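Remarks on the structure that follows.
We just call them A, B, C, D, E and F in the order they show up, numbering each chain from 1.
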Amino acid sequence: MKLYNVKLLTVTCEILAQKNVIKILSKHKITGYTTYEVDGNGARGLRGQGLKNEKNVKVEVIMQENTLQDVVEEIARTLFTNFAIVLYVSDVGVLRTEKFV
Amino acid sequence: MEILELIQSNLLTPIVLFFIFGIIAARIKSDLKIPDAISEFLPIYLLAAIGLHGGIEMRNTGFETMLVPMLVAIGLSLVFTLNHYQILRRIGKFNLFDSYALASTYGAVGAVTFSVGLSFLKNQGVTSEGYIAAILAVLEPVAFILAIFLTNMAVSKQIREKKESVGETQVASEIELGISETKTNLKQVLHESVTGKAIVILLGSIIIGYLIGEEGFSSISIVFDELFTGAIVIFLIEMGIIAGQRLDDIKKVGMFLVGFSILIPTFNGIIGVLVATLLGLSLGGAVMFGLLLASASFIAAPAVLRHAIPQAKPSLYITSALGITFPYNIIVLLPIMFMISTVLHNEGSIDLFYYISRGLL
Amino acid sequence: MEILELIQSNLLTPIVLFFIFGIIAARIKSDLKIPDAISEFLPIYLLAAIGLHGGIEMRNTGFETMLVPMLVAIGLSLVFTLNHYQILRRIGKFNLFDSYALASTYGAVGAVTFSVGLSFLKNQGVTSEGYIAAILAVLEPVAFILAIFLTNMAVSKQIREKKESVGETQVASEIELGISETKTNLKQVLHESVTGKAIVILLGSIIIGYLIGEEGFSSISIVFDELFTGAIVIFLIEMGIIAGQRLDDIKKVGMFLVGFSILIPTFNGIIGVLVATLLGLSLGGAVMFGLLLASASFIAAPAVLRHAIPQAKPSLYITSALGITFPYNIIVLLPIMFMISTVLHNEGSIDLFYYISRGLL
Amino acid sequence: MKLYNVKLLTVTCEILAQKNVIKILSKHKITGYTTYEVDGNGARGLRGQGLKNEKNVKVEVIMQENTLQDVVEEIARTLFTNFAIVLYVSDVGVLRTEKFV
Amino acid sequence: MEILELIQSNLLTPIVLFFIFGIIAARIKSDLKIPDAISEFLPIYLLAAIGLHGGIEMRNTGFETMLVPMLVAIGLSLVFTLNHYQILRRIGKFNLFDSYALASTYGAVGAVTFSVGLSFLKNQGVTSEGYIAAILAVLEPVAFILAIFLTNMAVSKQIREKKESVGETQVASEIELGISETKTNLKQVLHESVTGKAIVILLGSIIIGYLIGEEGFSSISIVFDELFTGAIVIFLIEMGIIAGQRLDDIKKVGMFLVGFSILIPTFNGIIGVLVATLLGLSLGGAVMFGLLLASASFIAAPAVLRHAIPQAKPSLYITSALGITFPYNIIVLLPIMFMISTVLHNEGSIDLFYYISRGLL
Amino acid sequence: MKLYNVKLLTVTCEILAQKNVIKILSKHKITGYTTYEVDGNGARGLRGQGLKNEKNVKVEVIMQENTLQDVVEEIARTLFTNFAIVLYVSDVGVLRTEKFV
């Protein structure tokens, strides 16, 4: 079975920024993503110890390379200043490219 | 001094002791922790219990009398929020965003503080008007809405000024976009703060309490009444732990904000007790009314403010509200307000100012 | 009309009101949610409480009388499941998989519905036979087993037909494989549905209740008896929220299934009450017996059916069972069955059909 | 320390398909894997909001390239039609190849 | 035989039955599981309840009498730990690390076992000295500290010997490093075991119980007293499930360790009852004292030992403590110790050894 | 927006080894990481079924290639013998390299 190259975008951010990230995704017509709560440490200090709002979340999105640029740019522009956030991109192979915008 | 005695006897209640215990556990870096699911569930439970109780009371006593106190509470909350802003911006030299965020954190109300207050009164054998739970529900979003509105106004103004100075051609549409984005944001934040879980469960429970009355309540009173204080105790262990973890941050928030976090609740709370007494609320009702105004929001606030004013630093408003004001309110200010209310209610309102000036201030 | 009054008074109980509240909270897109750990724990707790209660009752009253009602319940459940299938496949034009999945969802029983029923009876001051909890346990897997067996038969038949039409050589082994795989699946699904947590905790608690009796129960009765109704209330907030989130899907399931989800429980439930009365069950017992047959499974069903009949669409059977039948059962059908059972039991079984035809239908 | 190239297979699927995935793994003699619950959105709609059975799970498996093909093929063949499922493969480096089949 | 009767009646209590039920559920591979958040919360709750209860008792009875029993308990725990080590290392032929880890697991105490003991006594209508909760708190880390200290001594010695044999030049600094690392580890592990959540919540609750007394406790007694047994029942379902999952591992731990896991608690426990009786503790107090010494730690132990003696296999010490000793203690040994204590306390200490040798051994 | 190549180190280990891993990270001046609880199966058997201490955790660290070697070496040397642990490295692209040591 052939695997097709696509991109996996991973955003690790404070849980209250999750809505913002997903809004940006849907603005770019992306409806497929996976999320889960995580703890973490970074420039904005230890996160995930106390109240639910103080946790982090990871948002993972498989997408085509050509959509990636715009999404990454908009996340960086609108969220990097005010939120605890880290973002990275990796190469993955999938079976059904048509599933991913 | 009776107040010191009351503070001391309040100190020795399970609620306060377990809160302090939580702080100590955090300070000695114990791995003690109430699991997330429990500490997410407990505020929902507490608000349901408060709401049911309030609703049942309102069914017993009618709610015509509610309107004036509620409007006064809203008015005071708005005035206080504006006052906080002036103090923070002018004297505290905080930036616009932090000032509005902090102003509304202290203009808003704290549901956990309210729970502790109810338990405190129960312990003293004193009741309070049921409709104060309804005031709690209504007051929740008021200060946020004001602060968000004003912040958005300020931001729009900044953008408009930029527009005028730059000239119109290219950036115009971008600015239009900015303003309209701001408006959608405002709308969305309003929706969020009104459908926030705290308000929804509180209002829902008030209505249900009103509909079922004492009799319908009897089958669930063991869960929603008798377990109440024990549940607060468990929740306050976790609140103590979180407050304890934030104690180090107090240095970062600065002396000014520490002072603010103690003086403003004291001022707001005592005004609240006086006004409520003048409005004819009972001894306990005046204390709860004062507590509403004295309390700061540390669960609902971050959820709303992080979206509404993302530029503001949450470390400022969470640390001051949970790390300073909450302990101060439940340990020191609550007994003080109770004392004041007792004096006011025993002596009648005539000698009011005499007693205050002589005995308390 | 007494029935309307009873429905109305049932509407104003905390259980029903908090369920409706949950629906509303979901509709206004509130972020209210009972944490997962709590809503996973509550059904376990409810089943343990039901089981203990049933076991203790059975110890008091003996369980010789249990056999006939249990066999009748199993028989009815099987007949009903086949009946559902015919209706869904022939009239509803659903495919084979969806038809069997839906048929067994409505042939199976809902433990949460059962809890609400017990609470409803308690509220009416009526008791029911303890052994009905045992019938609940036995009935849980019966409809699934039938549906899974028939689905597998149908699939095997399809494969065999394919085999005959294609000729034997190459595909033969593949088909053998297919059939043997189907058989292992069946065995595995049977194991899964019998060792599923609901049945295990329910049966275990019945046996423990039987062994400890009233006296052994006294030390834990506050947890497993007195907290029961409050716990249901909390669970129904979450069920309301989930039902509310699924309301949009009701359009997708189509008018036929909406009708099915209301008429079938009504039919099954009323038959259940009649038969139970004829079998000599008490007023409350007949209601619970009817409720067993009326209820649809929405927690156990997906877990079993997703493995047993993966081709069936869960959105169909979950939405109809939780989104339509459950609210209908606890709000409308439960009072109706109670009314019917009251009439049947007050007047004696002689005038039974007279009253039914005159007063109710 | 030398890192050896192996494959990381990630399967994101509805929680009730987890057993099926793990059964396929063990059929191919793979006993090492990591799992965790996640939420998600995709062709089969929003998942993870209500009942436990409505959640998703991620199954991650480090394995040798030559095992990968068969496992991926069997998952695709038996589970893609009926379950909410997404699968992707990435390249990772490990220290001890002998740990991974 | 009265003991068999008592064991049998103990078998038929909800606590024991639900524990056995959990084991069975795991054996038939049911998916039953108490959600993590609940089973992480319950030990915290149980320890808070034990602590509050103990603290209140100590306020009533004073704590001068506590000192001797506590010192004796510490002494016995240390002697027992050393004794376990000798048996495991010499007779059992376990390696140094496993021997120390197991020795301290059985020298330490089990808080869950303690909870069950309190509930057992309540069921028998017998009370125990409140200060035994304080002994529980102090005893928790004692055996760990000893075992960690001795393990580190042994490791250091090994390193030193290696050093002498190898010659000094190159490896010297590496070895220094090793020793200093060991020391930091020791310090860190000490800190961890003293600030571990079990000790912290237990000590905190004892102090709070002491401060609030009966009166302050009344508002939370429904949560921290009346729900106690029910909460244990729920927790023991999960403990049963985990024990059941580990039953297969019992083969792996070997016959020697199985024997050890039964004989050592029996020996330690009976010695404990005798000594406590000689020290003048009440019937119930002697049972709890014996139970402290008989119990093995299966929640705190892994957390501490995994860092302190990472070379030891957790499968050994968790399996034997939770899978063998815990069931044996709560089902068999607890009634035996109760019987012994009853005989000792009824007849006075004069005929002590006569009765033991005649009636029990 | 340009993505810069860095490394993502993922450590899956028993929860009681988390402290050890993070201590090694901070010894190498790494303060940014993400953690979350997972279940798993491997050479040391099924993990994540019973007590909290029996669970696994994943620790993910984005870092520069030159730091990676030392960290990986120390984790392997000090933890591989006694703990249930698996470690792998992958290539990812990030926007702000200055965030990662």
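FYI, a residue touches a chain if its C-beta (ideal position, glycine included) is under 8 Å from a C-beta of that chain, and two chains touch if they have at least 3 such contacts.
Since this is a predicted model, take the numbers as computed values, not measurements.
> Work out which chains are contact partners of both chain C and chain F.
For chain C paired with chain F, the chains in contact with each are D, E, in label order.
> Just to be sure I understand the contacts, which chains border both chain E and chain B?
Looking at chain E and chain B together, the chains touching each of them are C.
> With chain centres taken as the means of their Cα atoms, state the distance from chain E to chain F in Å.
From the centre of chain E to the centre of chain F is 34 Å.
> Could you state the distance in Å from the CA-based centre of chain C to that of chain E?
44
> Counting only Cα atoms for the centres, state how far chain A is from chain F in Å.
Inter-chain centre distance comes to 20 Å.
> Quick check on chain F: which residues sit in contact with 2+ other chains?
Correct list: 36, 90-91.
> At least two other chains touched by the same residue of chain C: list those residues.
35-38, 40, 222
> For this entry, which pairs of chains touch?
Here the touching chain pairs work out to A-B, A-D, A-F, B-C, B-E, C-D, C-E, D-F, E-F.
> Which positions of chain D touch chain C when the two form their complex?
Listed in rising order, the residues are 14, 16-17, 19-20, 45, 49-54, 81-83.
> Using the touch definition from the top, list the residues of chain F that touch chain D in their complex.
Interface residues on the chain F side: 10, 12, 36-43, 48, 56, 58, 69, 72-73, 76, 80, 86-91.
> Considering only the defined contacts, which chain F positions touch chain A in the complex?
1, 3, 6, 8, 31-36, 62, 90-96, 99
> What part of chain B is in contact with chain A in the complex they form?
These residues of chain B touch chain A: 36, 39-40, 238, 241-242, 245, 298-299, 302-303, 306-307, 310-311, 315, 318.
> Going by the contact rule at the top, pick out the chain B residues touching chain E in the complex.
12-14, 17-18, 21, 24-25, 28-38, 119, 122-123, 222, 226-227, 229-231, 233-234
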